[in-house]
Every structure is written in structure tokens, then in C-alpha cells.
């Protein structure tokens, strides 16, 4: 098809290309594309996702776990690899509200396909994706079934592996907490105003009792207290 | 090949494979090529009947990778099927995602914001480039080149996969498109990295062509081999680069006007002879056209939301009805046929796999050739078993 | 492209006696379909392919769909003659009551074809063929002589749904192995529980596997009994 001076021209041209790449790999970084794993490693991208983990705030993984066992991730998981059992009692969450917690939270990572849908649908920022992939084990039955203790990692670890995401999540949680506190403050002010208004009314024997218990109520949350800084407790 | 030439007399059996009589010297050798075979692009078997070295009969056998995708989708929600579509044509997960998202958006009449359309086009063209590069690399490897062109292709493919990983979180199983847009927004650093990669791509294609296109061994083995007639290709439902290599001008990006492809200037390469060399050249030229589209799309990407605000992620229940949506995937026409009965799960979910349909005329192309050529012809069809078997 | 109604009119003119029904599609995609009767399906398909204006030369997709039997409960007004005692006198009176009647609409299997035109660059046209029931009368004519693209896809519909395509050159299973029984994509398919080994079974899978293992065990002990005696 092409005019050639010499039969074998095309092959020689190709070999020149190969030679250029071969000798060039000693000289330029661009042409050397491999690293000697496992001694050298390429750092994983920040967004990489491998298997999920549960985030906990603070030092105690049981008390600080964000998961409230709402089971949305269990329903949305495509291969159904999450198994959750709700607890019977409640424990306080990061704003102090009493929530259920998972008595049992198992993920079978031999079934998990790392699709990240559980992270997308979780309303409580409780489950995030880890980046560790060297998880091979010799125990075939149960070695890849992670329970809630093995799945828990601290918020500091989350900041290490996904710094931008973790900062965003922290900011969002702090904002929600501040909103809730502002609402609680406004409700307390309204209650104090109502109690003060009730106290100025002509006292009747039935109502004589009500101002007295109402008076101590506003003081722990009185408007004169300095406003607590948002996110001050963690 | 003009359209008028495609009209022909259709005698009975014109679209059946020719019957080749064995020469009569000796017995027919029945050979099973595969399923454990380094050149069959996955677990795939061809039952070949040989008369000496010539192929008399060839029946493809597959189903070794059948994972029941369509039945699983009937039991899962629409969103939960999205990660499974990644695994259909596992080289090109983003185009699979787009085809499924397009079908669902047709089913409910969902609109997609402009920024999301641009991102979809950019990712789809990057997928096309890395798929064609890998496919040519594998074809040349089957020719005996022991992986050198394959490694060149993979070197470039790594750069593109790194882009995918930094955007979607995973190199190949991206799970990125949603019904009404995309999952995660592209950032300015990502766009800069993408521009750098695209800038290096034309040099890569030049290097690749310098290595291969004028190589005498390649030309001798590929030209005139595995010829496919255009009228048979159309009748057999062949689509993608295989169809265009026979000379038929049918590119779904130009025909269906899906997405925003109408805004970009690109040509559709067509072949003259329909042989293996034409398919190889069509793929190389399509890579160049994809680079052109990327160079136009990357500067034009507008600001805005990436997801339609009215789109629902959870609790998605389309009204009863059905829709068929298709795109020009790198391997051909990838379509999804969805029937909804109003519930959260699809009533019927069907994938129209280009690789399976393109295999229909494998027998026609291979009859009369040597066994060694069968491997080459099969490699030029460019199939992925994940798609054939689902 | 002409609208689906116009195509229906064109078919009825060209192929007299062809039973063509219009099936509307309620979704915004507006891809309405035409249901063909099995007797005239091949003639209509040939017309659609060879007509110079329609030129549907590209068969894109063949799907099977399973519509199982449907139980419909309807409220019907029934007028009956009832003997009632009115003021101590027996009389026959007409009474109208509301009754709920249950009837079963028989199910069927369906093959859906999506047609496009490479020459005219239009489409899709959706064609449907329906079998008579889901039992033994599941035969449909094969459209492989018209479009070669149907060859592997009709084999798949036969394999997974059980529709027998008469006139298909090579009808055998394609995705499942040849000795497999039953048709997996049907809605009433029950997969066997001793099929694959699951390392961490739970829920129904565990229950079914346990039932299977419990059934196997008495047989094992019974075999060992006489041997050890």
C-alpha cells in the first residue's frame, strides 16, 4: 500500500521506536513507567475507595461511633453484604441526643464490591471508604467477615486518608450541631420568657406553685451564659 | 460504499454462512479452542472443525462468565444496578454507566444539566481512547508481538485510569453516572491533569502508528483477511468499529444525537475493505477523533450543577412504561431495555451487548482460513466476555 | 420516520390479513410498539426490511419478557332472584349486590424486537410477539431468516425463557450448559440451593442450605448403620 524503498522498512521504523523507548527509559522519568512494588509504592489517590469502615469520634470506639443503626446502608447495598442488628438501649450521639447503636454490624468484604453506595446514602456520615487493599488472609471462613470492632476507625484516621473529605464532613457536622444548639437556646429563651410572663400574672393558689418550679428552669440555659463555641466538645 | 450498493437480491440463505465441503483427504479434526486460552479475551470457547489447516465449521460457545446480571437487576433497585453495569464491559465502565443512565432518563423523562453532559462526553471519549489502545495492543499480541505494543498502550492507559481514580475513586469500576447527572463534581486540578494527559495523547498515537501501521508482518497478516461484506454486517446487527470498517457510515453519536455530541466537530472514519487491517485503522483513527473531541470539550466546560435538583436517588419509582436507550460504546451499540411496573425494581432489565451480536458473523469470517488466522480475526472483533455473558 | 400508526397502516396495506395491534407506551420515551400475530410475523418482518421508505434493515435487540398469570379481583354488580320473607309472606324479589369476583388472566411469554434503519438512519420501531401461554404452547416463528442478528439473541430467549422459535437454524442453549433443565429468567424460577458454595450464607440462603444438609444427613447415617452393625 505504501511505497517502500526497502522491504522491511516498516519493521525497522518500529524497531527504532522500540529502541528509543528502551534507551530513553534510562534517561527520562516519563519513559520508565513501573515501580518496584512492594519496596516502592505509588501513593494512592485521595479519592480511592476499597472497603468501608465505621467512623468514631474521640478515643472510645464504642461510645463515639456515629452509626445509629438506621439500616439504610443495609437496604441499599447491592450485593447485600452488610448485616446490622439494632441495640435495645440508646446512647448519646455527638449532639447529645439519645440514639440507637448497632449491636452487630458485619460487612463481608469478600462480597462487598466497593461501589460506595452505602457511603452515599448514609445520613449520619458514619460509614466511609478505606484505602487499604492489602487484606489477604489465610482464613477462608470468616477471615473476610469484619465485625464492628474491626471496622471502626477514628476520625483522625479518616483525616489522614481523605483530608479534604474529612474536613468537609467535620464542618458540616459542626454546622448542624451549632444549628441545633441555637434552636435549643431559642427554645429556652422562649420558655424563660413564657415563665417570666406567667410569673407577673396575679398569683392564684393553683398557679402559686407554677412560677416557683419555672424560676430555676431557665438558669442553666440562661441567655446570660456565654455562647459555647461550635464544635468545642469533641 | 454507497447506500445504493447495499440493496441486493436476497436469495434464500444469503445471510447464512457458506457451506464448505471438506477436501476428503483424511478426517476432520474437531478442536476446542478455549475456554482456557491466552488469546480468547476471556473464558470463551470455539468449537472448530478443521480439514488440515482450513476451518470448515466454527461454533462459538460461551456462557462461562454468565453472572445472571439481568435477574439480579430484577431483584435490586435501579440505583443498585449501576455498580453491576460497571462489570459488563469491564474495560469501559463509564460508557456502560452512561448507557444505563440514558435508558432510565428516557424512561422517566429526566433532564441532565449541561455541566454533567460535558463531563459525560469527556469521560466517554477518554474511555474510548483507552479501550481502543488496549484492544489494538491485544490484537498485536495475538499476532505474536509478545506484548510490546500492548505495554505501550497500557502505559498511556495508566494515565487515563489515574484520572478516573482521582475523580471516581476507582480505576475501572467507576460507578459514576447517576440518573440526572454525575455523582461527584470535577475540580479545577482534575481538569488541569486531564488537559495534560490529553496533550500527550496525540504523540502517543503517533508513536503507536510508527510502531505498527507500516509493519510488513502486520500488513501481510491482516490485509485481505477476515473480510466482512457491508450488507451482511448490517443484517447481522454488527455495530461499532467493525461495521464502520466495512464502509457503512453509522455512528450512533451522529445518528441519535444523544448527549451534546452535536456541538463537537469530529469525523467518522470508514474502511474500504472490511478486513482486519481496516478495523485496526478505524480504531486508530477513532482515537484521533476522540482526541479532537476532548480538545474541544475541555475548554468549553461550563459552571453549574452536576445533578438535576429534581432527581431522586433513593425511593426512585418510575411510572409504568418501557424505554430502550443506546449509546455508541467503544465496542459497538450498547443498549438497555427497561420495563417498569411502577415499583422500585425494574420489571424487565435487558442489556443489548455489542460483543455478543458482533460474534454472530464470526463463523462467516473465519471459514476457509487457517487456524492461526482465526485467532486474529477473533481478536479484531474486540469482545469482552463480561458483556457477552453478562 | 413515520409514526407508529402510519407504519401500522402501511403494514396492513402491504400484507393483507396481518394481525397488527398498536400497544401504547405510557412512559415519556413514547416508544410505542406493534404487536404482530405469529402467523404473519415473517411476512410483516420481510416487508419492514425490504420496503424502500421504512427500510428497517438493522435488528438491534431481541428480548424475552415473562408475564405470569395475573389474579384480578373485580367488583361486579350481580342481579339475582332471592326468596325473602317480607311482612310474613314469602316473595321472590330481585336483588342487586356487589360481589368480588376473582379471575385469572392467563400469562404469556413475549419476544420484543427493536428495529432501526441504517439506510434511513431512523428508529426505533418496537415489535412484539406473544405466545399463547407459558406452558406447552410457547412457539413463535423465528425472524432469523429475515435478520441474521436474531440468531444468537433468539437462542438466548429460548435458553432463558423457553420460547421455541420455529425455523431457527440452530436452536440450542447458549448461556446455560446443554444438560440444564428449566428456564432461569422466568418469574417463577426457583434456584437450587445446593448449587454453589457460599462462605457466609445468611437469611434465606442459609435456611435453604440447612434444609438440604439436614435431608442429606439421615441418608448418610442410614448407609453407615448396616455397615457398622
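To keep things simple, chains are lettered A, B and C as they appear, and every chain counts its residues starting from 1.
FYI, a residue touches a chain if its C-beta (ideal position, glycine included) is under 8 Å from a C-beta of that chain, and two chains touch if they have at least 3 such contacts.
Since we're looking at a predicted model, the values are computed, not measured.
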Contact distance in steps, from chain B to chain C: 1
Label of the chain whose CA centroid is most distant from the centroid of chain A: C
Centroid distance [mean C-alpha coordinates] between chain C and chain B, Å: 30
Length of the line joining the C-alpha centres of chain A and chain B, rounded to whole Å: 37
Distance from chain C to chain A - Cα centre to Cα centre, in angstrom: 45
Complex interface listing, chain B residues touching chain C: 3, 6, 10, 12, 15-16, 62-63, 66, 68, 70-71, 106-109, 232, 234-238, 248, 250, 255, 318-326, 333, 335, 337, 339-340, 348, 350, 352, 356-357, 359-361, 389
Touching residues (chain side chain A, partner chain B) in the complex: 1-2, 4, 7-11, 13-14, 17-18, 21, 33, 45-49, 72, 76-78, 113-117, 120-121, 129
For the chain B and chain A complex, residues of the former touching the latter: 76-77, 79-84, 86, 148, 152, 155, 158, 162, 165-170, 173, 175, 183-184, 207, 210-219, 223, 313-314
Residues of chain C defined as touching chain B within the complex: 25-29, 31, 50, 57-61, 63, 65-66, 112, 114, 118-119, 121, 124, 126, 145, 147-153, 169, 173-177, 184-185
